[in-house]
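I am attaching a structure below and will ask some questions about it afterwards.
In order of appearance the chains are A, B and C, and numbering begins at 1 in each one.
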Amino acid sequence: MSDPATTLVTDSADRLQTPAALVPKRSLLRQLVRDRTALAGLIIIVVMVGAALAAPWIAPHDPNEQDVLNRYATPSLENPLGTDNLGRDELSRLLHGARISLLTTLAVGVAILTIGIAVGTIAGFGGGFIDGLLMRLVDVLLALPVLLLGLAVTGMLGPGLLHLAIGVTAVAWVEYARLMRGLVLAVRERPFVESARALGLPGRRIAVRHVLPNIISPVIVVGTLRTGQLLLTLSALSFLGLGVQPPTAEWGAMLSEGQNYLASAPQLMIYPGAAITIAALGFNLLGDGLRDVLDPTLR
Amino acid sequence: MRQHGGFGAPVLLAGLAVLLIASACGGDEDEAARTDPSGPQTLIIGAREDGYTTEGNEADVGQYPLNANIFEGLVRMDANYEVQPALATEWEFKPPNAWTFTLREGVQFHDGTPFDAEAVKYTFDRVAKTGGGTPGFGKDSTKIIDDYTVEITPVFENRRLIEQLVHPSYSIIAPDSNPGDEPIGTGPFKFVDYSEQEQIVVERNDQYWGEKPTLEKITFRFLPEPNARRLALEAGEVDLIVDVPREAVADLEAKGFAIVQSDVGAYDALYLNISGEKGYTLLQDPAVRHAIGYAIDRDALVEGLFEGLAGPEQTMIPSRLLGEQNAAEIDGYAYDPQQAEQLLEDAGWTEGADGVREKDGRRLELELINGFPSAQAHGAVPEFLQDQLGEVGIEVKIVKMPDTASYEERLASGEGDIWIEQGSQNDANPVFLPALLFWTEGLFGDIGYQPLFAPGGETDRLIIDALANPDSEETKALTAQAMSELVDEEAIVLPMAGIFRIDAMSEEVGGYEPQPSALQVRYDGAFLARD
Amino acid sequence: MIAYIARRIAFLVPTWLGVTLLAFFLSTFAGGDPARNYFLRTRGRQPSPRELVIVRERFDLDKPLPERYLTWLGGAVRGDLGDSFSTGRPVTQELLRRFPATLELAAAGTVVAVVLAIPVGVLAALRRNSILDQLTRGGAMFGASIPPFWLALLLIILFSVQLQLLPSAGRGGLDHLILPALALGLGEAAIIARLTRSSLLEILREDYVMTARAKGISERRVIARHALRNALGPVVTEIGLVFGYLLGQAAIVEIIFVWPGVGRLAVEAIGQRDYNMIQGFVVFAGTVYILISLAVDLVYLWLDPRVTLVRQARPAAS
């Protein structure tokens, strides 16, 4: 799907004049912090990921501890967000759920970026047959929406968190591959690359030391922008029953269970949904901020 | 054994009235008092998912699983699991294996064809083509003696035929008709329209041989999601819904809807795999199986997961069918986690570092397969069990199957330790379920359950006896003993709760009786009072 | 121009073939026995060994994999995608029967998105950095973060359970369409609003707009005649892409609202391991998407022929 992010990437490619064209890392971070939306996003993410990592220590209860006679309890000191249909503490489940939802999202995000960048680079530099083959594969995978393809692959593999991660990773890397390839192709003709080649430097060296560092940043920006969407996709598949199995707490799965009690205990469904929304919001804000920093004219 | 049926409409009417009064006294709750029908008599019912087959000889539109009152069988079952005459007025068993039926005269199908022995032969020959069903119809089993007399000889010795014929799958269809194209029966309502997955519509049969229904039209809307049914009722889109989710009951009552409940007619039970095949050997040890029985707090289960709306029975077969005295043969298990832990300790299972028991380097990890009739039907029960068994050191991994067929597939492959099922008693044959599932030979042969759950020995002897016994009272007693073997002695079957049906309707609906078996629900006494 | 179109269409063929390969390949992943599965579903009992053999032959399951693929592919090209393992009925028939429902949903979702988003986006661009603009951007950000399935459930709680205004399930009249369309469309509305806004902003800075202003043409005319029309270019193609995107997202909404569309069919087929249905669905969806992206490209071409030439010069991502 095209959007300002993609335009940004292609524009960036055009604007590259010298190897060290992009803003050095340190002032990037400072610029980021000064931007209000990015700051808000960063705070949200840091807090949530922090809470997720610290869950085993800060959660008031064992997330799987049942107390059936105390089900649907209203919020209290004992259970700050009440209990679910089996009497388990909702807050503890949300915190532990965060670990799985957020960390899986980050892991898959890193994986698809890595694969996408690698494949795109190979295609861009390889040219000819390799390029054609890889891009055909990309086209095929892009011909279908990630959700449906991910659903099909994960459905075939069977339920389980690992299968979910593999299923989505297997189909979601294509966008980055195409982006990366485009960037590589755009940059290949640049003078500094020509001169490096004229100097007799081997292809791979040119790629890794000179070209890559310059064009990787836009791809990473897109990656960040897409992380929110990735979280939503993973949660959606989890909601459909693929992913963790009971009794493990995870936001998408909790939402799915809560659906059964829609009319009598809607809070079971509201909490995990809100958690997903806030986390996705954090990623989106951060991604937006990153993009603003790189190209303020689009603000 | 000889049975006398009624002599036509007046006696049937009286019979109906007696039944209505009997079941009203039998414990239906909260049936609001409505007296006279008024206003348009069109009832809209929120039914469960559409399970009709539309192709071939298995087509059963209007019959099963939703009995739309289009068809009737030779006999039917009342709320006490007693067999009552319907299209047959008399029947007699002639040893060794033949049943003679005297058919009701003066009955017509909805298209005007007269009902007679032709129709019966056509119906049962059709059943024979698809395998013969539980009664065992073969292609020569049904013989026409004269226009109103039929003789049936099942392909195997079957004393329980009469109790099995109450099932709507054996209801009589018009000769040369096919329910998949157009359902033509003799029932109080006739077929109007069927849209797959959406609804089936029936209207009053003014030529009905019995008492004509008050309702003019019934629309059954297929709403697979219990919550969707509940919302449809609240929004006034339907007048009556079946199988209300238990957490909704209090809420609906407060909103002025009438809640009615039937007697226990279904069960929730665990089956434990004793085959030892494919590495699933942990449950071959009876100590482990009994421990599981003691580890479950059934009171908490009924209270917490069924909102108190289930029976704590551990008989699996409804005690109403077995008879109270027979049912008492089955002890079941009290909640005694200490006893469970003791049994496990004595058998050599010691608690490991993470709380899960171990023996000879192997962890006590069991796989629980959830999916019959569907995973949703069990709600949070598997997770609850997971927790309970965890308390005594047994780790349970839940495997969810998306639907019945996947579950059956898994069953055929034998990969699983504990199998959780919900089933109902859908005919009057008390020994049907044990014979089908836990008898080595199997009522239908090996349908996948036998290798995993049939212990043989005493259980087999009791089941065989029960099947062949001419005295139905004896059959009930023998069945209870067989269940006691399975539950108390062998601990292969662990029933957890007795389930009754809960339906809800608007205040305007009257004369509706939920039955322990949903397949036997009749709408000819129902009416609407819309004023 | 014609050459470009012809080239584009020619490229589609290997892509489509690739989709069929992918679809077929997926089914080799899964376990289970489709023949037994089919028998269980249609007859309600386990098959005997003989019956199993008969079913296997019926579905060509006894043939080697490459041969099965080619037979199936041959059928697929003619529109015959085999028979469902769940019902025995032709896959193509099932898909075509339920596709209109999904179309309806995606179209309604797109309408919701567009009707909400474009006016808001335009206004936000015109009143840049005002409260409205801030709210729009905030709202858009929020809309892109809400999981559509959660939104759907929230809408049900509000409108079906609490207010009892709208039905919560099934396809019927307009009232049945409102909630699912909202659930689908609101998320996309966010994206379209932002795109409209930024696109319009960019145009408003362009030279020819400055020229028009300098010439003394009224502000309103400037906007209406020059800016909007050009700004709408990317927006229109975005709408096409959104429609395609919604076709994919519709699956979850269809499940929640028990909508009789293809998405729900596909999810059920996956649960039931109905390989023929899954394969058929992937090919079907792939075909639809390829056609949509082709259509979008052509529309863009028609709206702005400059783009092609620029694109041809740049070997960038296309």
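One rule holds for everything that comes next: a contact is a pair of C-beta atoms (placed from the backbone, for glycine too) under 8 Å apart; a residue touches a chain by one contact, two chains touch by 3 or more.
Only a predicted model underlies this, so the values are computations on that prediction, with no experimental measurement involved.
Undergrad: Which one chain sits nearest the middle, judging by mean Cα positions?
TA: Given all protein C-alpha atoms shown, the central chain works out to be C.
Undergrad: Count the C-beta pairs in contact for A-B and for A-C, then report the pair with the higher count.
TA: Result: the pair with more contacts is A-C.
Undergrad: Between subunit B and subunit C, what is the separation of their C-alpha centroids in Å?
TA: The computed centroid separation for subunit B versus subunit C comes out at 43 Å.
Undergrad: Please work out the Cα centroid separation of subunit A and subunit B, and write it as a whole number of Å.
TA: Using C-alpha averages as centres, the distance is 48 Å.
Undergrad: Roughly how far is subunit A from subunit C, centre to centre by C-alpha average, rounded to an integer in Å?
TA: Their C-alpha centroids are separated by 21 Å.
Undergrad: Going by the touch rule set out above, which residues of subunit C reach two or more other chains?
TA: 156, 161, 271
Undergrad: Could you check subunit B for residues that touch two or more other chains and list them?
TA: Each of 227, 231, 402 in subunit B touches at least two other chains.
Undergrad: So which bits of subunit A are touching at least two other chains?
TA: Those would be 241, 259, 262-263.
Undergrad: Mind listing the subunit B positions that touch subunit C in their complex?
TA: Those in contact with subunit C are residues 53, 55, 58, 130-131, 197-198, 223-225, 227-228, 231-232, 234-235, 237, 402-406, 408-409, 412, 444, 447-448.
Undergrad: What part of subunit C is in contact with subunit B in the complex they form?
TA: 32-33, 36-37, 40-46, 86, 88, 156, 160-161, 164, 167-170, 258, 260, 271-273
Undergrad: Report the residues of subunit B in contact with subunit A in the complex, numbered from low to high.
TA: Per the touch definition, subunit B meets subunit A at residues 226-227, 230-231, 245, 247-248, 251, 300-301, 303-305, 376, 379-380, 382-384, 386-387, 397-400, 402.
Undergrad: Which subunit A residues qualify as touching subunit B in the complex?
TA: Touching subunit B: residues 64, 66, 68-69, 71, 85-87, 159, 241, 245-247, 257, 259-265 of subunit A.
Undergrad: Subunit A touches which residues of subunit C in the complex?
TA: Residue positions touching the partner: 11, 14-16, 18-19, 21-22, 26-27, 29-31, 141-142, 144-150, 153-154, 156-157, 161, 191, 194-195, 198, 202, 234, 237-238, 241, 244-245, 247-249, 251-252, 255-256, 263, 266-267, 270-271, 278, 282, 285-286, 289-290, 293, 314-317.
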